[in-house]
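Shared chain: subunit A. Partners: subunit B in the first complex, subunit C in the second.
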Partner chain A sequence: MYAKVTQLILIFLISPFLFGVINRIKAFFAGRKGIPLLQTYYDIFKLLRKGAVYSKTTTWIFIAGPIISLSALVCACAFIPFAGHRAFFSFEGDIVLFIYLLGLARFFTVLAALDTGSSFEGMGASREVQFAVFAEPALFLSLAALVRITGTMSLSDIFANTTINTLTTLDPAILLVIGALFIIFLTENSRIPVDDPNTHLELTMIHEVMVLDHGGIDFAYILYGVAVKFWILGTLLMSIIFRTNSGIVFFDYAVFIFGMIVLAVAVGIVESIMARLRLFKVPNLLIVALALSVLALTLTMRI
Partner chain B sequence: MNSWVDLNIIAIVLMNFMMLSSSRIRICIRVVAIQGILIGLMPLLAGVHSTTYASLVSLSISIALKGIVFPYLLLRALQKADIRKEVEPIGGYPLSLLMGVILFLVSCWLSSRLIYAKPLFSNLVVPVSFATFFTGALIIVSRTKAITQVLGYLMMENGIYLFGSALLGGQSLLVELAILLDIFVAVFVMGIAIFHISREFDHIDTQNLTELKDWVPSKQE
Partner chain C sequence: MAGSILNIRNSQAKPLSEIPSLPFEKFCDFVIAQIREGARVVSFFGTPKTNATFMLTMVLAYDNDGQLGIVSTSVKDTYPSLTPQLPQVHWFEREIFEQWQVRPDGHPWLKPIRFHNPCTENSLGNSSQDILPSVTDFMKVHGQEPHEVAVGPVHAGIIEPGHFRFQCHGEHVFHLEISLGYQHRGIERALAAGSGKRTIHYMETSAGDTTIGHALAYCQAMEGLSDCAVPLRASAIRGIMLELERLANHTGDLGALANDVGYLPTSSYCGRLRGDFLNMTALICGNRFGRNIVRPGGVMFDLDDSLITELQNRLDKIFNDVKNAVSLLWSSSFVVDRFDETGIVTKKTALDLGLVGPAARACGIERDVRFDFPTGIYQFSHIPLSTYSSGDVFARAYVRWLEIQRSTEFIRDQLKNLPDSAVMAAMPPLKKQSMVVSLIEGWRGEICHAITTDINGNISQYKITDPSFHNWIGLAMALRGEDISDFPLCNKSFNLSYCGHDL
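== the complex of A and B ==
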């Protein structure tokens, strides 16, 4: 029990740190010094101390949006395994609940954006939903492929069974799932080939434009929610690729956290060397993820 | 099950998807060439009938043709006709990629319905060869430039070759060589034809060929 609580606390404490790592890598590539590693924490604390301004056109949905999104994401955290150890909650079929919690978080972010009544935010909401149409089936299908491989419907069991051993036998289905999950990971966290988290150029923003009208505490919730979501989806990826199963619990934790930092470095490198795709090319990328996951699923069905 | 064979098959399917989503003809030509090489190498990877002298000759001929001669001919045609990019296919890239996924599922269904001898390697070979065949057909139908249609034709041949090498083994040698000869002539002729079309009409968009009709004198101004 203590171990499980420790897992959750570690997730909640560490997740904003990864953004600092990404920023450092990008700064390194650009030859800058970069913002402090803990900047995301400073931002969140600064925002928590501030009050929020609400427009007259908004209703309670606007205030509820960030709170519900964050709580859905925090709940989703309780279902993801940490370093190959069982998650806080797990039951047969929690995979569906997990995906729908992510969906709920997205739904309320979009709803809050629409509630502002600004056409600008409506544009971002429409883009977010348009890309989700492709990204969510891809996530579902790649998890379904993992379900077929491991024969269990609980996230904890799936990631307890897909070990590095399956990778060394070069199971093609797993490789395809990793490819699909990486694309989904970048999309859902609005990272560079799809969306640029730094830019505030109106024509191309997706996530940032949706949360533009939130301020103060609400924005702190959103910022923290984004960090937690980054951790959640990163865990799906890193639990397959990178973890150890030595007997010592805290050694495993340390290795896994190191793995997540490696993932953040990888994202930073991708962001530094790639340009973002033109907006109408994004569905193409997402359909590639869909194709990979369909392929993985068919492979597991036939063998 | 041999996992290298499986990886190879997956690579072949991914080439199909890449072919459907890429807009650069140069990349498309290379993709088809690499796919041809991978399919040629398949029996060697699987370790079937690699011992017979005749099948080795057939393998090396097909790899040499598909991996070196065809891309060379097509790239030369490309250079002479001075084309770089494919125009947007009918329905757009996302749709054609989605069609590719659907065709893959259809070929999985189809191969589960058909009755055939057990393939010499990996059960996946049959659905993948169907998928490659259908993808080639899809490219012929949905692309508008003559050179990409030739690539679709080559891709269909890749599918047929994969099917033959998986189900018939070395016996298909003569048939394969005959088909290869046909394809060789086809690509050769199309290379020249594309050059002439482009010199005559300034483009190789076959969409405009549908409008060919008897010459009607234009209205007097």
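== the complex of A and C ==
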């Protein structure tokens, strides 16, 4: 039990750190020194101390949006395994609840954006939902492929299961799932090539434009939610390709956290060497993810 | 038709009495015929005369002959609009309407462009009824699904204010309408009130990023009006300064274009390199934006040998870095994919609307003041024209890169062979009752200063036409049928001035 609580605390503590790593990598490629590694923490604490301003045209949905989104993501954290160890909660079929929790978080972010009545936020909401139409089924099908391979419907059983070991078996289905999950990972976390988290241009944004009207404490929730989501989806990926099962719990934890940092470095490199796609080409990328996951699922059917 | 138009060279002063004044119908036919034969409108403005009549003066450019032409007519408070036949005067006619309340009948979209009170004397004292910017009619698309997106005047970045209205269907843009005027400071009116110590500072700040360009256009006009011969060394230094300004801004633009597509390396390197070019400018005159160097009669600062060596070393080093940073841009297929076929302006549209500068050259139009109407050092040292044909964001970016290479080459040449002479000549008084048109190819395009002097040799009218005045409509055209998410990219590829337009 203590180990499980420690896992959760570690997730909540470490997840904002990964953005610091990404920023440092991007700064390195740009020939700059970069902002402090802990900048996300500073930002969150700064925002938490601030008050929020609400437009008269918004309703309670606008205030509830960030709270519900963050709550849903925090709940989802309880279902993801950590370093190959079982999650805080798990039951047969929690995979479905997990995906719906992510869906709930998105739903309320979109709803809060629409609540402002701003044409920018409406545009962002429409883009977010348009891309989710492709990204969500891809995530579902990728996980379905993993369910077929491992024969269990619980995230803990799938990822804490030693049958997944790509590095030794190189199962093609798993390789396809990794490809699909990486695209979904970049999309869902609003990273380049789909979205640019650093842009100041409202007309090109997707995620950032939906939260333009949020400020202060609400924006702190959003920022923290984004960090947690990055961790959650990163875990799905890294639990497949990068973990050890040495039996020494804290060694496993350290290796896994190191793996997550490596993932952040990879994201930083992708963002440094790639430009954003044209918005109308993003669905093409997501269809690739969808195709990979369908193919993975098909491959698992041969048995 | 010899008597219908006064032909002059760039920055050559002629007495006002030589400007032919045609009856309106004849003026109209003449101008339309000239434009059909390849001339274009450089500037078009009104001047109040006695008896509630206004003189309309048009400056035409004959790019192939290197000649300018001035033609004028008199109108009362209304005249048949030229815009339906000559789209390139649409903005000018709106300006004349706003300034003098001379109504062009049949103008397809007559509305204010700077939102100020008329300059006619009666209403000068009556400024209590301030006109609010952008409070006017906008084009509307009707129907269930089209919607409107309004951006600005307050933007998320540190940029100038301007209001943009998109008529969209989802991500697709039907039409973009641009409404400016937030930066109107009344520069032309202040200048016409008489020149003084402030004049040069108005010039240097009429578009802050084109300090050298506008100051040079002003000085060249003053020198034309007083028959002052600028020493050759001063001309060469002016050329160096103008090209340094171009280098800094083009490099900054390429970086900003990379930033808008999220391509990090070029974006951050070019940002720094732009600063390096600005520092070279500062090395010469002590100001990064080139203030306080260009003055009527010459330049305020000379270059000594050690400074020349330092500049040569810096130029080589910075150019190499720019070359590396920019070649990253062309070698990234992601970037080229974003630039290609985005924001296309066809050559025909560009010609009809009279676009200038890199935006016109990117459509394959050979139009460059340094080449067509050379003055100063450009008469002796030619810069090749840089054009590209596709008219999209890629073309506008690539033309900038070509110009960076050629400007660097030019500065190298000038630094190596700097003529020996003084750098400042005495300014004789201005000629009386004369007019001069001074053109300079600023980094953004053709800058035109048209100046008239009165019976005492003081400035009686000062008309500035910034390249942005011609080109804003080009941006609106580039957006037609484009994705709204590509607007920032298209906008940056034009990178027009708000304050240069608003004056």
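Definition applied: the second predicted complex is superposed on the first by the 298 of 303 C-alpha atoms of A that agree within 3 Å, B and C clash if a C-alpha of one lies under 4 Å from a C-alpha of the other, contacts with A are read in each partner's own complex, and residues count from 1 in each chain.
The rule we apply is simple: a contact is a pair of C-beta atoms (placed from the backbone, for glycine too) under 8 Å apart; a residue touches a chain by one contact, two chains touch by 3 or more.
The shown structure was predicted, so the numbers you read here are calculated from the model rather than taken from an experiment.
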Here subunit A is shared; do subunit B and subunit C fit on it together or clash? fit
Rounding in steps of 10 degrees, give the angle subunit B-subunit A-subunit C taken between C-alpha centres. 80
A:283 in the overlay: touching subunit B, subunit C, both, or neither? Say first, second, both or neither. first
Is A:150 in contact with subunit B, with subunit C, with both, or with neither (first, second, both, neither)? neither
Tell me which partner A:71 touches in the superposition: subunit B (first), subunit C (second), both or neither. neither
Examine A:6 and indicate which partner it touches, taking first as subunit B and second as subunit C; both and neither are also allowed. neither
Tell me the contact category for A:31 with respect to subunit B and subunit C: first, second, both or neither. second
Given the superposition on chain A, which partner contacts more residues in subunit A: subunit B or subunit C? C
After the two structures are laid over each other on chain A, how near do the C-alpha atoms of subunit B and subunit C get, in Å? 11
Counting only contacts in the complex, subunit A reaches subunit C at residues 26, 29-32, 119-120, 123, 126-127, 192-193, 196, 198-204, 271-280
Within their complex, state which residues of subunit A touch subunit B. 169-172, 175-176, 283-284, 287-288, 290-291, 294-295, 298-299, 302-303
Could you pull out which subunit C residues touch subunit A in their complex? 147-151, 156-157, 170-171, 258, 260-265, 267-269, 272, 332, 334-335, 337-338, 342, 483-488
In the complex formed with subunit A, which residues of subunit B make contact? 1, 3-4, 6-7, 9-10, 13-14, 17, 21, 93-94, 97-98, 100-101, 104-105, 108, 123-124, 127
